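Same chain, two partners: subunit A is paired with subunit B first, then with subunit C.
Here is the complex of A and B:
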């Protein structure tokens, strides 16, 4: 009971390979069915039917789309920089498919040869690996925009690079609050810390979750932040000149980013594979044994992995990730697109200072709690929840439409003079 | 296995560095630079310096080089300046710099530093391994940074802030009240 059998190198490599193939396949399948879900959900929101001809409920539509994309003609613009034009989609898809590797998707699975961690690679830097690799995603977009030799594609590429760099800052700062509370950067340990706290981090760190949600939307270039491919302004932005499978690769990359971001939100803020209100699934490696927690005297409570718990936690993780996938689609078909200067304004002048202040607040509260000798547990979490709740309400109050994200004419008198007739009413009239 | 990976990363790093210098266009040079930075990050991982590797990719490849790419594309640099860089006094200067650097490195590693590494390297590595287990991959860097070197760290932050303010002041159009 609780004793741990380590995998031998042979089995470690074998299970590693199996996990790589399995996770890659599942992510790609989810990506394929995200395209169908997006079209069906958008149809539902707009009171249409959506694609329902290919197979029952249109379930074979992604396969038909895939075949179509592969057999379509590839176009190559005559004036494009050919090498970079081909390199662009490849660079775009690479970071998108490897970032899922560090996300734990279920409780450890017991096998006759030892316990297998349900994570492709439990690297010691965890979340930093995701941040580092997703910061490379911008190269694919910028290079394809530039190599297309098309002004719309180029503008899309420039917008993408500016936007992704800007929101990387806010994303990183919102993660710092989680790192403060978790005390480590590996995602396995973050799940464990949430189980120990008895509260998912979305409660004690509610404002960080809001920042993370907004920044993740911007990083994946989804509405309302799809400035790099704003159809009404830039045709389709950086992939205007692409066709067939190269075009499709940008979409696979985008949806893979959405899947990773959803899984990340579930892991960082919603307990990962943790099943709520049930301590029986809590599990962590502690000095060579599996433990479920610590009792009053601080002695570890042993536990042992089981197949049933693995399956249940996998279901919990899938449900949470699925919810965020749906949320992504929901937001896309609900909110209108920002104007470009509003995107930059929100990123640099609202999210950045607010996230910095929030980190100070959380760090200060934690310092006070530690000084008072409050143990890491329910009370600790509830105090932070109260502090965060008040801050979140204050933030939402100040990010009121006409206080912070108002029309540019109120912030830039120089431009307003051009856009508005002389002597026109100052204030709420739109500038266009 | 580790040796094979090290040689692979080393070859890509050096090849990329050469590519930066002899690249046909600024964009090619930049991508070679990214390849070099990524390979160096790979070498860091082989040395189990995971945190440094992540920061290397995150800051250099993911942020600074993207900014370079941004500038190159905005200025739309072509091929017309090539003659300035490739021949003449620049190549002579670069030879001198490379020679001096190589000399200093060889001097260092053949002398006291090299002997010291051979003698105490294993013990130091073991100490770091123990610290990683205790504090985590980030804590090993963060702990000394925010205790022993906190003054230097804050001064660096101040220096960067001054640079940012200076850049904003320089970029601001003259005579306008609001940026």
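Here is the complex of A and C:
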């Protein structure tokens, strides 16, 4: 039963509306429980308990927080630019909640009226849509930082814009490696290409994944790159003057970005909804029919969507995204914040040239493989994995030394260095 | 005794590590994440174990017939460094002295325990008790009846097995 029944316009619109509501609800619920998970996990990491009073294990805490934020008094600084002050949170949250629309979260679902794609909007520009919208979020941050008429908020906004521009470059360049290998920008097709390769893109493009992970941390303003907030330096940066639900909007926006970035990492590098080691869930629309792959002669192998596969792939996607959400929290509570110049240094002088070089390397390797006539498949992937693996190890070895991000002791040209007593070890000694 | 200060030496150039240090830190936080060391006392459900020398809410000892043991000698208001005890003594027809007014202001009290130490008849005590929250400030002046009602264990000003607190 490889034949495909197209949805009529009525059902397409109906299912579209249902998917919009469902995905929005789920993302918001995940965001709410992400705040709880953040607090609980950070508490465990620090040998505390975290919020455990509201409901069993504190599970109702996000609801209590939401109610509190809605009924709290909204303060408005007297010197703020009122219109932009109100506009800021709205601008911050809108891009955050719409970016999830192009991420496929499960295999297509068969219904009596036709097959429903498990993606809100399967737009042909896919990843470009995400890149375009996610960087819009910084307008909300910059605007609210400026409109607050507060020097700390303003500094936070400035830092956010600088950081967003710097890491958008590295993020885009790391995605280009994926686009080269996938040959398309649609996220549904990227999942399919990973299924065809037999390898998730994290293996043939391991260095791109590291760049993407670092840039995504910076783009979502999470520690160790939370320069715009930087509590110890800027109070809380751009949302210093905000209270109640307007503050909550920034919070929701930040976590929605985290959820989207995690889902994107799972989709781009970890096969999306693909279940590992099982070709049975592979599914793609090919010339009006659902296929699982191609046999030796190049003829398509037909397959048919099933509810079970949809549910299993949804679970796989959730597990992968959940892992990255945990990784975000885990990294946040492990690493200290970078200094601002270190953030800029890492973005422009390390990630940008390294990502450019890596794209050249990947493109060159792919060109050689194509010239040699290696078909897109396991061998193709393994060769790229070997090339990327060596590059990744070299990069990590390079980064591991302090050549990249210097500590305070680093000798800089043109600056006099305090002479140390000869023979003594570096650093101060104590006298008891 | 000198305060011991741990001075972290800055690593020399070329000897620092970012990747390995990051991974090391991640593994440390992961160990705590999966198996947190329990240090928190979940207070309302779990009660702290008070030291026998804990000095908390006061308590007046009573005779078997319900009279306070206090003989209104006036030593405790005299010794009290916070001046929180108000005592008006009286004498009955057999010549026994007794307190007419005995009030302790728990807000002023610094819980030094000197009233207990000085009491010649072991009447006033500080106790092993700290849950004395009230809805109003006026409730914090404990009168004689209130002090006699308290039934928490009294403080051992020294541990008999370790009298010199060594």
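By definition in this document, the second predicted complex is superposed on the first by the 406 of 432 C-alpha atoms of A that agree within 3 Å, B and C clash if a C-alpha of one lies under 4 Å from a C-alpha of the other, contacts with A are read in each partner's own complex, and residues count from 1 in each chain.
Following the convention adopted for this analysis, contacts are C-beta pairs under 8 Å (C-beta built on N, C-alpha and C of every residue); 3 or more make two chains touch, one makes a residue touch a chain.
Values in this document were obtained by computation on a predicted structure and should not be read as measured data.
K.L.:
With both complexes overlaid on chain A, does A:135 touch subunit B (first), subunit C (second), both or neither?
P.N.:
first
K.L.:
Based on the superposed arrangement, let me know which partner A:276 touches: subunit B (first), subunit C (second), both, or neither?
P.N.:
Neither subunit B nor subunit C is touched by A:276.
K.L.:
In the superposed arrangement, does A:302 touch subunit B (first), subunit C (second), both or neither?
P.N.:
Once the two structures are laid over each other on A, A:302 reaches no partner at all.
K.L.:
Should A:334 be classified as contacting the first partner (subunit B), the second (subunit C), both, or neither?
P.N.:
Touch partner of A:334: subunit C, not subunit B.
K.L.:
I'd like to know which partner A:47 touches here: subunit B for first, subunit C for second, both or neither.
P.N.:
A:47: touches subunit C, not subunit B.
K.L.:
Pick one for A:185: touches subunit B only (first), subunit C only (second), both, or neither.
P.N.:
In the superposition, A:185 touches subunit B alone.
K.L.:
For A:161, is the partner it touches subunit B (first), subunit C (second), both, or none of the two (neither)?
P.N.:
After superposing on A, A:161 lies in contact with subunit B but is clear of subunit C.
K.L.:
Using the touch definition from the top, say if A:357 reaches subunit B (first), subunit C (second), both or neither.
P.N.:
neither
K.L.:
What residues on subunit C touch subunit A, complex-wise?
P.N.:
2, 4-5, 7, 9-20, 22, 25-26, 28-30, 32-34, 36-40, 42
K.L.:
Where on subunit A does subunit C make contact in their complex?
P.N.:
Residues in contact with subunit C: 41, 43-49, 330-331, 333-335, 396, 399-405, 407-411, 425-430, 432.
K.L.:
What part of subunit B is in contact with subunit A in the complex they form?
P.N.:
Those in contact with subunit A are residues 27, 34, 50-51, 53-55, 57-58, 61-63, 66-67, 69-70, 73-74, 132, 136-138, 176, 178.
K.L.:
Under the touch definition given earlier, write down the residues of subunit A that touch subunit B in their complex.
P.N.:
81, 84, 123-125, 128-129, 131-133, 135-136, 138-139, 142-143, 146, 154, 157-158, 161-162, 164-165, 168, 184-186, 412-414
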